[in-house]
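Just below is one structure, and these are the notes that go with it.
Each chain gets a letter, A, B, C, D and E, in the order it is written, and its residues are counted from 1.
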Amino acid sequence: MAEPLLKLDDLAVHFQVGSALAGGVKTLKAVDGVTLDVKAGECLGLVGESGCGKSTLALAIMGLVPPTRGRLALEGHDIKTVDRMATARTVQMVFQDPYASLNPRQTVRRTLADPLRIHGITDKAEVESRVADMMAKVGLRAEQADRYPHEFSGGQRQRIGIARALILKPKLVICDEPVSALDVSIRAQIINLLLDLKDEMGLSYIMISHDLGVVEHVSDRVAVMYLGRIVERGSWQEIFEDPRHPYTRALIAAIPDPFHRAAVTAKAKAKGEIASALNPPSGCHFHPRCPLKADRCVTEVPLLEAVSEGHVAACHFRDALPT
Amino acid sequence: QTTPRKGGTIRMTAPYAASFGSLDFHTTPRAQDEIVGKSLNRTLYNFDSSTNKLVLELATSVTASPDGLVHTFKLRQDAYFHNGRKMTADDIIWSYTRIMDGAKAYPGARYVRLIKGAIDVEKGTAKEISGLKKIDDFTLEMTITDITDPGFYFFDGTTAILPKEEVEKPNFANNPVGLGPFKFKEHIPGSRVVLERFDKFYKPGKPYADRIVVQLMAEAAARDVAFRNKEIDTSILGPAQYVAYRADPELSKGILEVAEMFTRSMRMNPEFKPFADKRVRQAINYAIDTDLIIKRLVKDKAYRATSWLPLSSPSFDKAVKPYAYDPEKAKKLLADAGYANGFEFEWTTSQNESWGLPIVEAVIPMLAKVGIKAKPKLIETTVLTDVIIKGDFQAVISSSLTGPDSLAQLRCFYSKTPRSACNYVTFNNPAFDKLLDDAGQTTDAAKRVDLLRQANNILYEEAPVWFFNYNKAVLAYQPWIHGLQANPTEITHQYTEDLWVDEKSPAK
Amino acid sequence: MLIVIARRIANVVPTLAAVIALIFLLFSVLPGSFISGMSEEGRTIDPAVMERMRKEMGLDDPLPTRFAKYVTHVATGDLGTSFRTREPVTTLIGPRIWPSLKLVFAAMTFAIGVGVTLGFFAALKPGSLIDTFSMVGAISGLSLSQFWFGLMLMYLFALKLQWLPSFGYGDGGLTHIILPAVALGVGPMALLARTTRAAVLDVLNADFVRTARSKGMSERRVVTWHVLRNALVLVVTIVGLQFGSLMGQAVVVEKLFAWPGIGSLMVDSVFQRDMPAVQGCILMIVLFFLVINTLVDLAYVAIDPRIRYS
Amino acid sequence: MKLKGGSSLWIGGVLVGIAVAAAIAAPIIQLTDPVLDANLMNAEIPPGADFPFGTDAQGRDIYSRIVHGARISLTVGIVSQICNSLIGVTLGLTAGYWGGWWDDLVSGLTNLMLAIPSLVFALAIMAILGPGLFSLVIALGLTSWSYSCRIARAQVLSLKSQGYVQAARILGYGDLRIMFTQVLPNILGPLIVIATLGMGGAILSEAALSFLGLGIRPPYPSWGSMLSEARDQITTAPWLSVFPGLAIFLTVLGLNLLGDGLRDILDPQSTTRRA
Amino acid sequence: MSGPLLRVEDLHIALKTEAATYNAVEKVSFEIGRGEAFGLVGESGCGKSITALSVMGLLRRPLSLSGGRIILDNEEIQDASVAEWRRLRGKRIAMIFQEPMTALNPLSPVGRQIAEMFVLHQGANWNEAMDRAEDALRQVQVPSPERRIKDFPHQLSGGMRQRVMIAIALACSPELLIADEPTTALDVTVQAEIIDLMAELCAAKGTAILMISHDLGLVANMCRRVAVMYAGRIVEQQDADAIFAAPRHPYTQGLINSLPRLGERSRRGRQRLQEITGVVPSIAGYPSGCRFNPRCAAVTDICRSVSPEITPLPADGLVRCHHHG
């Protein structure tokens, strides 16, 4: 089998918060031992509630936060050994907030052309044509190239953000909640665009979102995160039709369902609030909210174990969930 | 005049800085501090402003040996320190010996050094000054090293007679005790010193006032307001206020003027080539319309300087006329000296309004007319002395004390006086040296005066400096204060036992 | 709480140490020695005497030696001996502290009293006459030259109206402090007026104020219960910073009004090259700043639970 | 402060504009030479037809001196603020961006500068360097950068997590390129505001230092030195102080208004940040 | 008593800027019955919040009510005096805001902020008010309320804060609760809990709800009737079931069909999402005629020139479209 495009092995990112003088330094385990891989041409969905470490994971992959432990391999090479510029040409990222992710003092042209120049493409004509190409691909008109971000709407800005991520022709694009900051009526445009580009350019995605509908729609495989750990991973059908972790079920159950689709019952809903990553509960992190909580959940950390080929869940009762 | 009133408060001002240096007057040479010192302390001699003479203060008589070197003082028997103890010859000896403590470098040492053997004490080779001998409690014999009037040396506040037992207490500077007409009451550092009448003062019936407050007021504009607001009784005036006060019908009634023993001049450093030539130096004196500057800029708050010695000096020659304003002559002299096209020099100056930058600024265009370009270089007053001592200037304008000891002052042009002592222009003139040598040898006062007059006239001719003016000190005073003295050594130094305020004074 | 105090004090120490080092180094390169400063108008000092005094004051020691000496002395609370009076600097500074504090507190009282009040009422009616008026006043207050303003006050209130004494410390009573306090306080006053206005406006637009209104509270209650304290949190920082630096700003006012504070001692000492005294004064000024800032931090802890519990 | 519409910007701009124009055109619009045309025969003439602002004690035309004073005073203001901004921005930018020990060091330094009131610091520096334009600019330019430093640092910290800065890093931009192309242009607004307000402060500080006797070196005048020299003549020749006083007041007022107006445009969120 | 609890008739809200005056909300009418849950849905900026604020009498400059009537329990309140508003707010109409983080006073313990309600409206003294605040907290299922009343807002999680907001709003058992996007800032699992809690409490107290959200699914689940707003106007209003089953306005249709819905792919495989072209117009750039016309797939000439009138639909429904089909 070919090397996966991206492979994470027990990746962890811990932050030191607080100061020695004020209440002591604490360790915040934003990402705590994540193992994942992304194959070429695949879209991996990453879901989880706010603060579970999705963005941190993305930043760690991008090299913007240093991992505390674990390995990160890009096309089989440890990322530490890969040149920063080469990484940049392989992995790129689309950000959540289209307003904050564009430099307000740079025209679209500059935003798109500068990376090319930095990566050694100095031929003016080539830069021009690649910029024009890219703009056309994301649905921007050529005459808009010399405008500043504030002259664009949110959806258009997100298109610029996507264009910037794709200008170096990366193989993998991490999309960190690419539509959640957009107007509802605009979201479809961007989702469609992302899917089109994927086919057109043969991209792989990591699609981070807490909107289960979006994740289901675009993903080939899905990973569910809770408090820094992956609690379930599998193909999109497995996750959405046969979730084997109570948290996944709770997530699905929480979605208001105007069509009364009764796949997951209301009994699956979680109680209470997400614990703080600063002092996560013992054993299974989810146990205080879990409808199935048993004694061993408090003490014993469930491991990610296979439910079926390619479908893993970290629950002591993964095989015995009520339906 | 009516008989002086007893009682009341005199409110004087100390205008030269925002604080007093110290109230241990041996340690401080500042004119500012001496304003208080004059009330608290007494010295062996006194300067009598009415006669411009030095008179005995703590002694009733003095006799000199024929060679003029041994002086025998009969001391006052009625002088008491504020702690109630009577002053004796021991106190004078102790005070002078303390001043010669080499490790402390008291400023008064320069005066006491006149006494034979004082230097040995300073160097630490002797414990006692050999030239001071106590004959009895009230008789003191002093042997000096130069033929001169010791009065010039022992009237300065830094040679005050202090009581040993008080000085040796740890906090003397905060509880000063002296022989003066007023005793210490309180000192609010940065604000004021308050003194109270000392009842055992030795002059009968004096002092008159109950209290003296010396307010610190360095800011002239603020002092002006305070004076007009009747919050203070005396205020020293700058040129601008001098004009204003003279023009005011009320204020003009209370102005005391005196020609102080300060000569303002621009020293020319002969190491700077043009200034080595006498004709250039004279040309500068001719080129500047000094009278105009004094009239318009200094607002007549100065007297035109003729030569080095001030008006109050007995050796001042009234027959000599100051350099006239004559640009043509200046040009000619410059041409003779080889500077027909002029030259450029750097003129070091301080900020001072009467002998600093404003004067320089007014002179620049005048010199420009004869082709001399002056570039002002402003430095701080504090650095000025440093610069002058080091000779680190081409020309420098400053103010110099030129009295009351004319011989001592003229020594500053004596060729053997090093620059670091006070011959800042390294003046060297054999005729001048000879006159000074003679003056130093003679015991005949009249002859000495005449010799010095001649020497002073040589300076006039040689023009080592631009003779600018003698300071006119101006003290404004309120109508209710009486007995102020026109002291030419420093107008703010008043013998306060003679001052009194009438009942119109608003002070309680 | 104790931890917060400890942390603040721990923060103060290095700053203070750095200030000591900085000041010492600055003044060790000062041209013109103290001794030459001792001679005025023609009364020069004997060079031999100067030499000896230099020795006595230890000015001829190499710089590191002097620095080491200075630091060890400061650590024991000894600020050195004044060149000028030959007294310990601490006794020189001691009597100045109280007048300085008085002036600074009076000025701050004025600034807070007038500035905060003006800013507060201006914010309640933005665009109104009082708003425009006080803000024009505030910005003018920030554009005034302090000594000029002081002089004007003197002329107006002492000379023309004869209401107040023009200068000096007097008996330490109220009348003498008013003019210098106003002259010193007008800058912070203007600043506080502006800050308060901005802060109150900020808070008035905050969500929780809308919540309070939606509870059915009267506007007055909203302002007194919810707006004031929150605005205060924003204003306190500025008060602290202004307060802390006021002793340094007082240099000019103290000189003008012949006020016996640290500032005038410092200026005097600078001109007389009395380095130990200058160093001592600056140290006091800095210490005052740090103390006030620490107090402000503690005030925060008292009024803002977000800090208290973090 | 919020005058109606952008009027604070307007009024401020006009006031500052006049001062700048006067400074630039000084040699043209002067009536006499401000230094050389001292004529004691003309000393202390009140404002009138020949001398619109009167003459000073040396007989020099006050108007011409004010016009030239604008050069010095504005130079002091502008150059010292450029120094402050350069120092502050460089330190703040790098500290905020790199963090770590450098950040700790810079923060310490900033606290230090904040703790020593800048007037006191400037006084000390002036005492060391001696009076003069150069030392004045140094004294004022080295002593009040803590504000711009703090602002720059705070802004960088908040920008650092903004998408476009992160995107730049991901795209392989170097640190310096990020600082100069991504960060700096976006924090310029508040920094300009601070510099504008700081200029006013510097002009006032110059006046204060002149009052304390540590001002500008002659022969060219600054407004502060003119004002401080004239203070003794306030009763006898009030025009000597009125005009430099007005010049200072109006220019500083203009700068403050301008700064406020700019803040509304460039830095809309920060109403309380700097005071 | 008869008649609906709240009737909003022909509401207009003006936004005054230096340049011009705009109608931020125009011709908005709806009714809410006693105890009924009514939903108001629309994208960001379409005027939902200010409609709600106008019902609270909380519009502030530059916004102002420029026309229409607000009738609470047969009483016109749009011109009520300050004092009358004060008696209405909190007591009869209460409101929950979107950001629980900023909607609570950070310097005041939450218990006190609840207790304020009892002091204000029921003349309680602080002690008994605090006791009742504790009860109120218990009602919104905050664990150990006796400790929590002393906590400050920053010590609570987002969900807890929103519970406190609910406790404040329901403290005086108001007749109407306006919930302006009460869960947008919360996580989905927490959101579900809060919605359930709100519905439950309101049912218990007989409080009507005006639920504002941009999540059509959420509103439809909770409310009986739903109104859809677009650019300051209500474009469609129907029963919750009907609006999903048969949306009549092209905008509503677009909203329902453009978003991937959970389970959709399982049922029908991946379909290309239906796009709504163009962008949401800004308040200064509302197009003439039908405000949706630049984005509408079925646009005709009349849509560009004539503003469509209301067409009534069965069961109190209405739609504002020339081609409602």
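Methods note: a residue touches a chain if its C-beta (ideal position, glycine included) is under 8 Å from a C-beta of that chain, and two chains touch if they have at least 3 such contacts.
Nothing here was measured: the structure is a model prediction, and the numbers come from that model.
Going by the touch criterion stated earlier, list every chain that contacts subunit B and also contacts subunit C.
Both-contact set = D.
When A-E is set beside A-D, which has more C-beta pairs in contact?
Of A-E and A-D, more C-beta pairs in contact link A-E.
Taking each chain's centre as the mean of its CA atoms, which one is farthest from the centre of subunit E?
When every chain centre is compared against subunit E, the largest gap points to B.
Find the geometric centre of each of subunit B and subunit D from their Cα atoms only, then give the gap between the two centres in Å, rounded to an integer.
Centre separation, subunit B to subunit D: 43 Å.
Find the geometric centre of each of subunit A and subunit C from their Cα atoms only, then give the gap between the two centres in Å, rounded to an integer.
Each chain reduced to its C-alpha mean, subunit A and subunit C end up 53 Å apart.
Subunit A to subunit B: how many Å between their CA centres?
88
Quick check: what residues of subunit D touch more than one other chain, meaning two or more?
Touching at least two other chains: 127, 130, 213, 231, 234.
So which bits of subunit B are touching at least two other chains?
221, 380, 383
Tell me, which parts of subunit B touch subunit D in their complex?
220-221, 224, 238-241, 243-244, 247, 289, 292-293, 295-297, 351, 353, 357-358, 360-362, 364-365, 368, 376-380, 383
Per the contact definition, I'd like the list of subunit E residues that touch subunit A in the complex.
43-44, 157-160, 187-193, 195, 214-218, 220-222, 240, 244, 251, 254-255, 258-266, 270, 272-277, 279-280, 295
Would you tell me which residues of subunit D are touching subunit C in their complex?
Per the stated touch rule, the residues are 1-4, 108-109, 111-112, 114-120, 123-125, 127-128, 130, 200, 204, 207-208, 211-213, 224, 227-228, 231, 234, 241, 245, 248-249, 252-253, 256-257, 260, 271-272, 275.
If we count contacts the way the header does, which residues on subunit C are in touch with subunit D in the complex?
Touching subunit D: residues 11, 14-15, 18-19, 22-23, 26-27, 29-31, 126-127, 131-132, 135-136, 138-140, 142-148, 151, 155, 191-192, 194-195, 197-199, 201-202, 234, 238, 241, 244-245, 247-249, 251-252, 255-256, 266-267, 270-271, 278, 282, 285-286, 289-290, 293 of subunit C.
What residues on subunit D touch subunit A, complex-wise?
Within the complex, subunit D contacts subunit A at residues 162-164, 166-173, 177, 181-182, 185-186.
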